[in-house]
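Down below are the structures I want you to see.
In the two complexes that follow, chain A is the common piece, with chain B as its partner first and chain C second.
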Partner chain A sequence: MGYANRILRVNLTTGTCQAEPLNEKWAQLYLGSRGLASRYLVAEVDPKVDPLSPENKLIFATGPLTGTIASTGGRYTVVTKGPLTGAIACSNSGGFFGAELKFAGWDMIIFEGRAEKPVYLYVEDDQAELRDASELWGKSVWETEEWIKAKHQDPLIRVSSIGRAGENQVLFSCIVNDLHRAAGRSGVGAVMGSKHLKAVAVRGTKGVKVKDLKRFLEATNAAKQVLAINPVTSQGLPKYGTQVLMNVINEVGALPTRNMREVQFEGADAISGEAMHRPRPSDGKPQLVTNAACFGCTIACGRISKIDKNHFTVKNSPKYWGASGGLEYEAAWALGADTGVDDLEALQYANLLCNEQGMDPISFGSTVAAVMELYERGVLTAEQIGFPAPFGSAEALTKLAELTANGEGFGRDVGLGSKRLCEKYGHPELSMTVKGQEFPAYDPRGIQGMGLAYATSNRGACHLRGYTVASEILGIPEKTDPLTTEGKPELVKAFQDATGAFDSAGICVFTSFAWTVADIAPQLNAAIPGEWTPERLLEVGERVWNLERWFNTRAGFSAKDDTLPKRLLEEPASTGPAKGMVNRLGEMLPKYYEVRGWTADGVPKPETLARLGVDV
Partner chain B sequence: MWKVLAIDPVKCTGCLQCEMACSIENYGVIATSKSRIKVFNFEHEGRKVPYTCTQCAEAWCLHACPVDAIRLDQGTGAKVVDEGTCVGCKVCTIACPFGTINYVQETGKVQKCDLCGGDPACAAACPTGAITYVEADWAGLNKMQQWAAKTAAAVLA
Partner chain C sequence: MTQVTLKLFASLSDYLPAAERVGNRVVVEVAPDATVAQLLDRFAVPAEQAKLVLRNGVYLAPEERATTRLADGDEIAVWPPVAGG
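On to the complex of A and B.
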């Protein structure tokens, strides 16, 4: 009920697929998706393994609400040890693949070992088998999807796959499903590539049953109503997508610009959600074609756009002329503001390449920003890169996207990510990363709480682990001052715990603009066994957080890694409301450890783990 | 008075709430594969198009059925499959020009949209108004009104 109660274990070394019952005890403790998959990973993978070795495992997990009629109930999570960070990686994706996996009767797939030759997994309800993918190796995500559907003569198959970036083990490569939805961060695509697993193709016809259908429909309808009357989820996101934020964040002086040297971008409006609606001078059409929903989503924040055919990047490449995904805020920021490029079409082209070959546009854009700063300082030359790469160069950005996606030339260095690249060229201080992962689009000098959220995120710098922007900027659920540190440790903890619950339920975290855990509880109560209260859900979130932290501690991370680049701690913001300010992490971190029940060194105390029932 | 499903693809986001509602209504399970309404995603044009039976007045399926298993529901105008009578010969699926009546392996019968007895679940579930249930003779009323507004604006300008 809610769950399929069955997981699929695929051993790539021996080529076997086996069904196992779901661990129901763990499901009651960790719910599903992010939480439950993390529990399996912690049980089965030594935190010290090399992420790209056969000893690492790769888990695709749905949540109890995945594949149900609950709004946004289409999500799945990929959990593994991440090669970009060396920490636990946990990347969530929408689209339609997750629901299809549940429809086929599986809560989760655990991949272990490494196939000798490229393979893909084909799942049709109860049947699961590995198939030869030698013909697919070297193909893009888009070609792979098309090839598999044609091969099986079934247009209704849903596919999740890696492109050339994952094959080449680009350290920020992602896993892409439904052409442009991605488990994006921490390099989960490289793990899939290291296992020689090209794709997972699923067709599910069994469907999902819930505990009490009538009650479930009542609960899901009530929750949908909450989304339908909230201005963010009913107007802002459908109209502008996440891009609704570009101008807002620029105005509050928290839009990281040119490798986070500045906090406001003069070209913000040109790359904003509003700009995507404006007719282009060249062809009189706006870039945006329509919005689009993931499975079951009544918000529909997705952007479907058409690039300008006359743009220099695609003039001679008709394959990019059709409608496709993008731009989302994070991609537009990383490819745009952070590199100083204000050419909306160039950003969409780089974004298309990221989707096509499976790269995280945040980490890619941010790494390019570091390259540009190294170039401007004369550390990297045009000879080394192959062309000049100053900030603001759309040519350099798009050329680097091509090289990185295809593993050619200087693109191989970019594929290392910002941390390793900056170390290689002798300037580690220019890498804008936490635990090796590149920052997203909120400058923590202008939003103090986000500094703490980044520093303590279990998967490295990330906005989706504790989005205090909601409170500090948007006033959700209540407004706090973005420029003070007071109360932020408690705020960050509250957001981190709630997010853990949202992520583990199988729904989209964007619902949290309107929902709290109190809106999720009734839906779960009608869908799965157990009594679910808001308090219990927050406890699940806290449990997941501590479990992830436990893994990272064992992997070798400690308090010294809970920090930010010097630039954000020492170089004050030069403009905007946060002018003159740095992030005051030091004022928040000790208190944060205290409210978490961790030692002064950031290690979860035994009594904290015991209180939460983290049974490791 | 009969009503029909009016479909406006421009409003559709492709969320599949309608497909799930359909499978719940007819099979008590959430399974888009069992839905009688299908949403097609034309990725490269960015168009999502819901499609289902339009309840033809002179229904090909009804006329083709050798055992008269497809009947007119006088109350709603829907052409409804009587499962007790259907022998699963699939002749109707050949006769229907639109592909909206299909065989179901599990039951050995065919299935098609029956307007849920006059309260279609898909229309109720659609969050965007892409599917509405409107008076059969005035399915175009909304569009007419929109064009009328444009015309008025032009005339009065």
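On to the complex of A and C.
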């Protein structure tokens, strides 16, 4: 009930697909999706394994609310050991694929081994088989989805696949479903590519059963009402999407600019959510066409855009002229402010390439920013890159997107990610990363709590593991001062634990702008076995956090990795409210370890793991 | 003379004069003792829609808006309830 109670194990080496029962004991402890898949990974994968070896596993997991009528119940998670970081990777995606997998009667797919030749998995309800994907290797995400639907003569198949970036093992390649939704971070696409798995295609017709349908209808309806009357989830997100943050974060002086040298971008307005609504001088039309919703979502924050067909990047490429996935805030920041490029159409073109060939635009943009700084310092030359690459060059940004997506020329170096690229060229201090993963769009000099959230994130620098921006800037649920460190260890822990619960339930974390775990509990109580309280859900989140930390500790990470680049700790912000400030991580980290129940070296104490029932 | 910049973002841009909506800002002169709340009233910005108010990038709580006097060169930026990530 809620669960399909069945997982699919696919051995790519032997070519076999086997059903096995879901571990219901673990489901009661880790709920589903991120939490439950992490428990399977911890049980089955040596934390020291080479992420791109056949010994690593790749898990696609739904949550108990995935595929139900709960609002935003369309999420799935990809869990593996990440090649970009060497830490546990957990990338979450919306769209329609996750719900379809549940409709076919599966909670999870575990891929193990490596196929000798390219394959794709085809699932039709109970039937699952590996098929030859030789014809698909080298094709884009968009071509792959079209090919599979045509091959099976079924337009309702949902496809999750890698593009050329994943095939080429670009270390920040992602897995894309429904053309422009992605399990985006930490390089999960490269793991899929290393296994010669091109795509997962699913058609499900079985629906999802819940424990008490009447109660479930009442609980999900009540929760939808909460979203409907909250102005953020009913008006702000549908109208302006995440991109509304561009001007907000610039005004508060926390918009990382030009490889995080500065904290405000003079071109922010030109690449903002407001700019996406403005008619362009060239054709009189705004870039934004409409908003869009993932499966079951009553928020609908997605952006569907049309690029200016006269723009230099696409004037000879009609395939990019149609309506497609538009810029989200993190992508627009990384491709724009962090590279100093204020050409909204160039950003959209790079964004389209990221969707088409499966690349994380955050890590890609941030790596380009590092290239531009190396170029301006004379470390990299136009001869090495193939063209001049100063900050602000839309030509360099878009050319590098093409080269990286296709694994050509200097794009092969960009595909290493910022950390390895900066090390290769002798300037590791210019890589704006934590545990090897590039930062998203909030400068921790201007938002102190985010510095701690980044430093302690289990998947490297990430905003979606503890989004204290909600409190520190937006006042959700309560306003805190972004420039102080007091109370931030407790705040970061609270956000991290709650996010673990949201992610593990199979719903979108954006509901948390209106919901608390108290809104999730009644929905779970009506859907799945067990008694779910807000307290129990927060404990699930804390358990998941400690389980992920346990994996990373055994993978070789320690307190020394819970840090930030020197630039953010030693070079003060030059403008804005945080002028003169660095991130004061040292004031927060010891207290954070204490409230987590970890040793002074950042290792979960045995009694903490015992209290939480982390049964490793 | 006190000259300040008012920036109205997202759906609040509708409260700017039509010619000023691109760029989301207008430069205005206010009385020497004018408050932030008076400035928002002048442009008919509904109080309940002024969720996030920044004075020179620093958050101004709702109870501070009627008592905070504008200084020459101040930049007041305002948003309705928004979020992202």
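Couple of notes before you dig in:
Here, the second predicted complex is superposed on the first by the 616 of 616 C-alpha atoms of A that agree within 3 Å, B and C clash if a C-alpha of one lies under 4 Å from a C-alpha of the other, contacts with A are read in each partner's own complex, and residues count from 1 in each chain.
By our rule, contacts are C-beta pairs under 8 Å (C-beta built on N, C-alpha and C of every residue); 3 or more make two chains touch, one makes a residue touch a chain.
These numbers were taken from a predicted model, which means no experiment stands behind them.
With both structures placed on the common chain, the touch criterion links A:320 to neither chain B nor chain C. Using the contact criterion defined above for the overlaid structures, shared-chain residue A:476 touches chain C, although it does not reach chain B. Once chain A of one complex is fitted onto chain A of the other, the partner contacts of A:76 are absent, as it touches neither chain B nor chain C. When the two complexes are overlaid on their common chain A, residue A:247 makes contact with chain C while staying clear of chain B.
After overlaying the two complexes on the shared chain, residue contacts for A:300 are found with chain B alone; chain C is out of touch.
In the superposition on chain A, contact of A:237 is made with chain C only, not with chain B.
When both complexes are overlaid on chain A, the residue A:290 reaches chain B alone and has no touch with chain C.
Comparing the two interfaces of chain A, the one with chain B and the one with chain C have no residue in common. Residue ranges of chain C in contact with chain A, taken from their complex: 7, 9-11, 13, 22-24, 51-52, 54, 56-59, 61, 77, 79-85. Chain A meets chain C in the complex at residues 230-232, 235-237, 239-245, 247-248, 251-253, 269, 273-274, 278, 328-330, 463-464, 467, 469-470, 473-476, 479, 481, 509-510, 513, 576-577.
Listed in rising order, the residues of chain B touching chain A in the complex are 13-17, 20-21, 23-24, 27-34, 43-48, 125, 127-128. Considering their complex, residues 67-69, 96, 99, 103, 156, 179, 204-210, 213, 217, 224, 228, 238, 289-298, 300, 302, 304-306, 322-324 of chain A touch chain B.
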